[in-house]
């Protein structure tokens, strides 16, 4: 049986029903352990002091914010190509989660910025590109909200998501060109040890795993809700016509 | 040239409306669609015209020969009657003969801005478009709305003499009698069952 | 209550169209306006409804009792059928009785968004408004456009039984036969002379 | 009147627009300016009051053309005109609805967005109060402009031409209030002026608006 | 195609809009900013490039919603879709018409307006060239946004929400060109980027636009 069979709503529901609680619990475990570890069992950074600990929320949320959009892009493509309703609904479900992640990254970043850079907000390229990402999320959600016919909405938002992704990359580049910032470079690379010491590093990894799992759990939950809503809608229409 | 429709089913807003429609029209033949309000005439015509995909079934008709005309006939208030027609003509790579203005009694409205026309005059202009674009297969949705008897007659004559007689095909949805002897198709028997397949929600039931 | 029109003349776009119209309608009487497309039925009705000033003549009718209904009947696509009617009801300080939905066969469309209605269903909704606002003098411009025979009958019955029978007055412009025994007024003889006075350009001639 | 207000609000929400959009537009403009002007903090904080006011003005502007256009096209306006509802009241309600959907959320959110342009902390309160007093005038003036241009398809741009000059006094006094507030100067005069303009506008424009509508409905 | 272009231009002129309006709006925004920001010359000349670009961007934005809305409402769009004219072509032509009515006059006039914000003399040429290269992209992107929202009445605000983020790259590179030009730095990179964005946009968006239209016409 092919992987696509799970794209059938009923199959998807029955398949994810048992998975959801597992993922949720795993997410909570990772989050709690990672954050507690990070907050209470790591030494204070010699430069940044205790403020460094916000790192354990800031980075994972920032990463998830980006990956959420990526997941939406993939789901949109699947919908456009294979017309699987679930993938469209999954994209719809992921957007608000992505928005929240972006907001967390922005807010924690701003809070972090106060002690570090002495300002809540600086037009630093990465901060800015996150702001732009936030705008893209807003537009995407607004378009979903504006169109009543679900299939039309799915199609249009997919088109928007694809075009938007291209422009998001462009903007990222443009913003970097526009202003070289004070934000540190990516440390998610293989040579991570160079920027961040292992002691800070391992709890961060756990926290990131926690955020990933949390994201999956939330998207599953919301997708299931969307599917139920569609089902209700379908039943109502049929009832009206019967 | 022929229009062949087999087992056609179509939906609106994700709701299947009519199914199992079959007919075949040869050159010079017309078909009049009948049915209560809301049964799906407009939907069927839009499907035939290729504006929306059919749920099921086949529509065989020569490419680029079909034209669709509905209540909204794309008239620009800021253009004169002539300019409106000339635009559609040049889009279809044809030209506007004077005969069209006579056929639809638009001669002395030729230079009037379309926005200043009365309901029926606007309608006549919308129909005159059909005489201009030179398409052979017409899908007409209530073409005679708000036309007076005289204009209805004008239109019927145009259909008979300048379209069907020249090997054209026409599918017309209307509630009134056009006075052209064409077979009628009542859509009532083709009403889709309430649990008919193909609805966009189907996967969720 | 009475509607008295004396020597009425009206213009559209500064052009005098009809002049010398006289009639008097008492409670429970209806008048059907006839005339070719573009003769001035809509203009006349808009004048009677007070949407535009008459060129000459008098219109005597009880204040705040007249309602106007035309091709454009102010339906909001994003509101449901019920919400649309309720809005107009509350604007006129009345309320929507269930009977209205039956009278216009809208019962099972009640919760549908008006935007998803078919042409005829929309029209029925537009007419249902008249049953809601409780005005006694109706000016109707081609009320039955794109209605099927059954719905036309519905509307005629509504007019007869729930409007005229209750002492209402109606002036109706239409091209088809509504099947209500009312006097007809053909506007042809009232067509304004090409040099009729009152045109907004007159001062320049 | 209430019915009309409720309907307009409901339509605004249903049409997917609603309260969020004006806000989002405001946010975007505020974000765009630094892209154009450059990221230097001190310059931004110098121009912040002006930009914030101009942005909220544009946000109000962008949703104007629909105030009457839709009701005109689908004939609802003619029906309202023949209904017992006085057109003056309708005009007022329309302006009110527009303010509730754009001006109000904007006023509440503007201070929160101030920090994007490093607005001086002292200025936040003045930004809020000046917007709260000024935005209703923007809506009412805009409604008047919308009434003037309702007859014309694609009147949008023309309307903004008519409206923007009328916005100037409110803009000047509003921005002035914030600027003075930021520099710790006394702000009573400009604030009073903002309030005065708003009061005057609401006293007279509903009638002008209704007149314009009647003319356009002929 | 030519026919469609001519019709759109004619309509733009007839509808009392035409070439003037976008320009006038541009002018007004440029005038409003000093009111908001205050008259200090040196600040104005610092922010001039950015403001000029943001203003032209908004001017382009304001006339977008009518690109397809009217043709959709009166059914012309459906008729065009069933005509021999390929929708992609129509989309391109629409964008072109929009550029001719807003972008082009703006480009020609912007330098003249620069002095209102006492833009540095060196910058004029760069302002002109960057607008000339950038505004077509604005029109094409806007056409795409208009196609996405054509189905919705009062889509105007939503559309701007969708479109403005897409404008960011063009805006940044455009304004950067002018700023660098004003400071006498080298401007090749941003200029090339502006041109590149425009080229890419015209290569791909017509198809996305046509797709969106087809979906909305269903």
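Letters A, B, C, D and E name the chains as they come in the text, with residue numbers starting at 1 for each one.
Definition applied: a residue touches a chain if its C-beta (ideal position, glycine included) is under 8 Å from a C-beta of that chain, and two chains touch if they have at least 3 such contacts.
Computed from a predicted structure; not experimentally measured.
Chemist: Could you work out how many touching-chain steps separate chain B from chain D at minimum?
Modeler: 2
Chemist: Measuring centre to centre, with centres taken as mean CA positions, what chain is farthest from chain B?
Modeler: A
Chemist: Counting C-beta pairs in contact, pick out the pair of chains that comes out on top.
Modeler: Greatest number of C-beta pairs in contact occurs for D-E.
Chemist: Report the inter-chain centroid distance for chain A and chain C in whole angstrom, where each centroid is the mean of the CA atoms.
Modeler: 57
Chemist: Approximately how many whole Å separate the CA-defined centres of chain A and chain D?
Modeler: 34
Chemist: Could you grab the centroid distance between chain D and chain E? Build each centroid from C-alpha atoms only and quote it in angstrom.
Modeler: From the centre of chain D to the centre of chain E is 23 Å.
Chemist: Of all residues in chain D, which are in touch with two or more distinct other chains?
Modeler: Chain D, residues with two or more chain partners: 11, 15-17, 21, 24, 28, 34-35, 38, 73, 153.
Chemist: Hey, what residues on chain B touch two or more of the other chains?
Modeler: 13, 71, 78
Chemist: What residues in chain A touch two or more of the other chains?
Modeler: 132, 135, 138-139, 142-143, 146-147, 178
Chemist: How about chain D: which of its residues touch chain A in the complex?
Modeler: These residues of chain D touch chain A: 15-17, 20-21, 24, 27-28, 31, 34-35, 38-39, 41, 44, 115-116, 118.
Chemist: What residues of chain B sit close enough to touch chain E in their complex?
Modeler: Those residues of chain B that touch chain E are 49-53, 64, 66-68, 70-76, 78-79, 83, 87-88, 90-93, 129, 133.
Chemist: Write out the stretch or stretches of chain E touching chain D in their complex.
Modeler: Touch residues, chain E against chain D: 12, 15-17, 21-22, 24-25, 28-29, 32-33, 35-38, 43, 46-47, 49-54, 57-58, 62-63, 65-66, 70, 73, 152-154, 156-158, 160-161, 164-165, 167-168, 171-172, 175, 179.
Chemist: Mind listing the chain B positions that touch chain C in their complex?
Modeler: Against chain C, the touching part of chain B is residues 13, 35-38, 42, 71, 116-121, 123-124, 142, 145-151, 175-176.
Chemist: State the interface residues of chain E toward chain B in the complex, per the touch definition above.
Modeler: 2-4, 7, 10-11, 14-15, 71, 73-85, 217-218
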